[in-house]
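Shared chain: subunit A. Partners: subunit B in the first complex, subunit C in the second.
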Partner chain A sequence: MSGTTIQRDRRRRQAIFRWVVLGLALLYFLVPMVSLFDFSIRFPLTGNVDLDSWAALFGGDDSGRLDMLGEGLTNSLIMAVMTVVISLALLLPTMVLVKLKSPQFSRAVEFISLLPLTIPAVVLVVGLAPIYLVISTRILDSNTIWLAFAYVILVLPFVYRSLDAGLRAIDLKTLTETARSFGASWWTIMVRVIVPNVRTAIISAVFISVALVLGEFTFARMLARTNLQTALFQINLSDGQIAAAVSLIALGGTTILLVLLDLVVGLREAARRRPEEPLAAAAPAPTPTETSAS
Partner chain B sequence: MTLSRSAVPVSMAHLSRAFGSVRALDDFSLDLAPGEMVCLLGPSGCGKTTALRALSGLEDIDAGSITVDGVEVSGVPANKRDMAMVFQSYSLFPHMTVADNISFALELRKVPRAERTRILEESLELVGLGAHGNRYAHQLSGGQQQRVALARALAVRPQVLLLDEPLSALDAKVRVQLRDEIRRIQSEIGITALFVTHDQEEALAIADRVGVMQEGRLEQIGTPEEIYTAPRSGFVADFIGVTNRLAGRAASGVADVLGQRVPLLDGSADGDVAVLVRPENIELEPDAAGSAEVVVVGFLGAHSRVQLRLQDGTLVSAQVPVSEAHALTVGGRVALRLRPVPALAV
Partner chain C sequence: MTTQPLTGRDATASRPARRWLAHAGTLPFFAYTGVFLILPTLLVVVGAFRSREGAFTLNGLEQLLSPRTLTIFANSLVLSAVTAVVGAVLGALIAYALATAPSGSMGRRLFTAFCSVVAQFGGVMLAFAFIATFGINGLLTRLLQDWAGYTVNGQFLSTLPGVAVVYAYFQIPLMVIVFLPALDGLRVQWREATENLGGSTWTYWSRVAGPILAPSFLGSLLLLFANSFSAFATAAALISQQTLIVPMEIESALRNENDLGMDAYAQALALGMIVVVALVMWAYAALQKRAARWTA
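Take a look at the complex of A and B:
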């Protein structure tokens, strides 16, 4: 057998292996979703297939269940935005300042930021209950969206990890000092220099925060607030099929949202990198400079 | 040239800065004349970078005064001082093109938009990178990145140009090229500049005056030639170039070394001393009865570096023209003659 044949065989085996892995992964994700869809259209007792639950969702159901769902979804989306904004506004400047000015505190910041990971949500919520009693009676009101403050704690470890990776990847000290020496204020440095250079990290922090907030149940349930998950749970108690349909939509919606975000970022990255090829081809510089790349 | 403006004097007086128990600057004083390029040179940890950062405002000082063009700036934050810096590590903003990097700096300095394009082109031309405006830092070689950093620093027409080991990340050939270019541009524009390096060859080649630092203090400052030929201390003599320490006896400005008389520089010690003799001030003559043995002959291009062993075992380094080195053989004996060039005894 010639060498090329062996190579071709190996390539084909590798291709097959890749498709098998991809197939298994897809199966792992798709089976629950297909089951969910199946559940939403098949009446459990009789096994009859109908689209009543979906019709109820899109055809306008006057039972008020969907009002609750709409409220939960709206609350969750608002809270997702609030959580993202607050956690980034809190953590990014803190981490930058600690890295630049007082690196001795970086361990403490890391510890505090990662702490929520080790505390179960149920335990957290027990501590948060009296605080929310004060918040809802004395400071703000009992609106669900104030739960975003608690969600900030919840997403802290993930936001920290993302930003930490992003900040490690750039020469923070030199970049800020350069900008300072040219006259940039700290605000300008943050907005014009640091944020653009850790954008990928910020996006990944946003992804995980949004996903976490949209999927949060424990806090909202135990503090008797209405978010997407508690609404779904409530509907499930009365009509499991509609709940399944909504879950599917929520899942799909989140996925589409994240994929869109990813695409937008990807396109912008690509646009930024694109000049590389034609320039590299036209390398010899008409200057007395060294032309060889280091 | 529009990039130039009238150069200003800079004065740093009695600066102190301590990091814990380490005194990075210890009563450090340095004056720069308008348009002068001064190099601070010293081993790592000698405080040279702290001095530069103190001038830039990136480092606070505990005591002392800094004036630029007669104006006290020591209380002024870095972003309000009219200086620009080229760093050792590549400092181009990675998310911006070369042109955007320079425009951003100009924008920060509140240069009107209409002027930015012209200054941008001019400063890129100055460093020979006119065609590279739309590239990103990662598409440039290290040398090119530092050229852009230099162009960016000059574009804002600062009062003072600060260079913090800008060449030390580059390979040898690019380093020499860019070094000469920095010197050319600096004198062309006539800007006051402070250059920090640990590379003595670089310092001697580029500076109007070289300041040798040790433990937070300026050990000696003078023209490169003064520093090299008339070091004021053993530290400076050792740090700059290669120096032999030859045992001798000194009295009233003359030393007796290896049976020869060598005039001494001011500030030399008396009595039993070590006389610091440069390799190029030692002449060799093949002589079977000579006092030294050739250990190594190393070819350096125009010169050869010859290692000798004296009878007492001391190793001595001599530098001779290649044509003379041909006459030497390893293991052969030579007679050693010291040129009557003033040397320092310590």
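Take a look at the complex of A and C:
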């Protein structure tokens, strides 16, 4: 009997503790965000409040002051797509192959994939500078989007971890053996069996990669390229209000995207835990059996 | 190749040609990381000891050990240590408060999502946010002036303590997201068992939860240290005139590549950073191994 009283007391104390701590934390986290908004609408010299910067962002602006921002955003979005495609195309087949055929390489692949966590971006860029000199003068050109090749390295640890968790959760061997005995080619197995089964892992890898690329500053700054963050940095020097408004949109938008991702992944995991769906639970629509058709 | 079912390693070993084909499939990965990860790292390590003409030199290391550079390294180390400790303690407190909330609740989802955005995405934008808060025209600067008559130093954000305040803003959320899984791993049964055996809340924290969480806490602390030691964007957006921390010194060294006196300096600075982070990550890996005991 006394145990339940202790537990009820504890629960009440925990609730009070939770509200106090989270309330203070929320206040702490929100003050700079509110300031950012205040900054975006308040003209610093006179203190007049106007929505000029927001109007310029959403209502179109032909003064040319947003050109650089547009260029940076475009570059960052292109690079986000490139980074996602290259990193998945590079890592997923390699990890599957290593798990099935060359397990002796698994430690090497893991080590290399996690290595970028140990090497700060600001260090890596020192070594990348001469490589990008060669790329921009002899192989390609000095277009910003080629930075995506280096961004692949930045996202590698996160994509690896995500895919590793996804591949561990499925019975890769049985799936491929079944598909092979139905006559599926390796390409079919990859695209129609493995990809659908690790879809959740791929989704979270994509989100992390996109967020990292859109937030990247170090490489672009050091190598003098224009991406979203370096454009923001430049615009802030001339028009801080626009920079503040864009920052607020970017931070808020990414938070909402992450909540949505969290909900999607949570729903899928809940579906996976249902016992009546054994093997293919992670892939609701195209089940592995469909591959026998091809 | 399509009819033979996959069997164990014996069967593959009997067909060396096919095994080599499978191994060759990993080539693109090793080639790519070779060019964009291993090669740059080697260029840094080798470059630290090479003069412009390619001869061996200790010039870079000499400059690395000059009093000015050592001060910059000390700045970076102090900044990282202070913000790591502050971030770890406050972040752990917030993470615990979150862990007592039901795991599916919308508030918790929103809070953790915001934390991961601020911790990993923000750099430059967080600097803007703090300029809007503590800058000359900042919201808090004005409120403090109007309400308390206290004037915030206009240069505050360009000083080491000012940078530390901004760094704490991404260190605390990072701690929340890396430490939350460890707290979620604490079982209610352990607490109940402690209570049934007559233990108090203090007994539970000092004798049960504390020792279990200690390796994770220290590991997260090291991760935070490495994180702020490597951070560049925030400081770059806050400070324009002076060099305070190592990444900023690397930036100016890279820009001054034409300066003959600066041979191998950027690479030597980068090497110095690698050594610090490698030590930290090595300790982190050792602690992770200990922490893993309790996750099974």
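FYI, the second predicted complex is superposed on the first by the 210 of 294 C-alpha atoms of A that agree within 3 Å, B and C clash if a C-alpha of one lies under 4 Å from a C-alpha of the other, contacts with A are read in each partner's own complex, and residues count from 1 in each chain.
By our rule, a residue touches a chain if its C-beta (ideal position, glycine included) is under 8 Å from a C-beta of that chain, and two chains touch if they have at least 3 such contacts.
Just so it is clear, the model here is predicted, and its values are computed rather than measured.
Asks: Does the superposition put A:Pro130 against subunit B (first), subunit C (second), both, or neither?
Replies: After superposing on A, A:Pro130 lies in contact with subunit C but is clear of subunit B.
Asks: After lining up the shared chain so the two structures overlap, which partner does A:Val265 touch, if you call subunit B first and subunit C second: first, second, both or neither?
Replies: neither
Asks: According to the stated criteria, A:Ile78 is in contact with first (subunit B), second (subunit C), both, or neither; which is it?
Replies: It touches nothing on subunit B or subunit C.
Asks: Which chain, subunit B or subunit C, ends up touching more residues of subunit A in the combined arrangement?
Replies: Tallying touched residues of subunit A, the top partner is C.
Asks: A:Leu51 in the overlay: touching subunit B, subunit C, both, or neither? Say first, second, both or neither.
Replies: After superposing on A, A:Leu51 lies clear of both subunit B and subunit C.
Asks: Touch check for A:Glu177: first (subunit B), second (subunit C), both, or neither?
Replies: In the superposition, A:Glu177 contacts both subunit B and subunit C.
Asks: For A:Arg192 in the superposed arrangement: first (subunit B), second (subunit C), both or neither?
Replies: First partner only, subunit B.
Asks: Please indicate which partner A:Met68 is in contact with in the superposed arrangement: first for subunit B, second for subunit C, both, or neither.
Replies: neither
Asks: A:Ala121 contacts which: subunit B (first), subunit C (second), both, neither?
Replies: second
Asks: Tell me the contact category for A:Phe17 with respect to subunit B and subunit C: first, second, both or neither.
Replies: In the superposed model, A:Phe17 contacts subunit C only, not subunit B.
Asks: Which subunit A residues contact subunit B in one complex and subunit C in the other?
Replies: Touching subunit B and subunit C on subunit A: residues 177, 180-181, 183-185.
Asks: Sort out for me which residues of subunit A touch subunit B in the complex.
Replies: The contact residues of subunit A facing subunit B are 170-171, 174-175, 177-185, 188, 192-193, 196-197, 199, 272-273, 275-276, 279-280, 285-294.
Asks: Subunit C touches which residues of subunit A in the complex?
Replies: 3, 6-7, 10, 14-15, 17-18, 21-22, 25-26, 28-29, 31-36, 38-39, 42, 44, 90-91, 93-94, 97-98, 100-103, 105, 108-109, 112-113, 115-131, 149-150, 152-153, 156, 173, 176-177, 180-181, 183-185, 211-212, 214-215, 217-218, 221-222, 229, 232-233, 236, 240, 243-244, 247, 250-251, 254-256, 258-259, 262-263, 266
Asks: Looking at the complex, which residues from subunit C come into contact with subunit A?
Replies: 2, 5-6, 9, 12, 19, 22-23, 25-26, 28-30, 32-33, 35-44, 47, 93-94, 96-98, 100-101, 104, 107, 109-114, 116-118, 120-126, 128-133, 137-140, 169, 172-173, 191-192, 195-196, 201, 226, 229-230, 232-233, 236-237, 246-247, 250-251, 254, 266-267, 269-270, 273-274, 277-278, 281
Asks: Quick one: which bits of subunit B touch subunit A in the complex? Just the residue numbers, please.
Replies: 56-58, 77-81, 83-85, 87, 89-91, 93-95, 97, 104-105, 108-110, 128-132, 134-136, 139-144, 147, 152, 156, 162, 170-171, 173-174, 177
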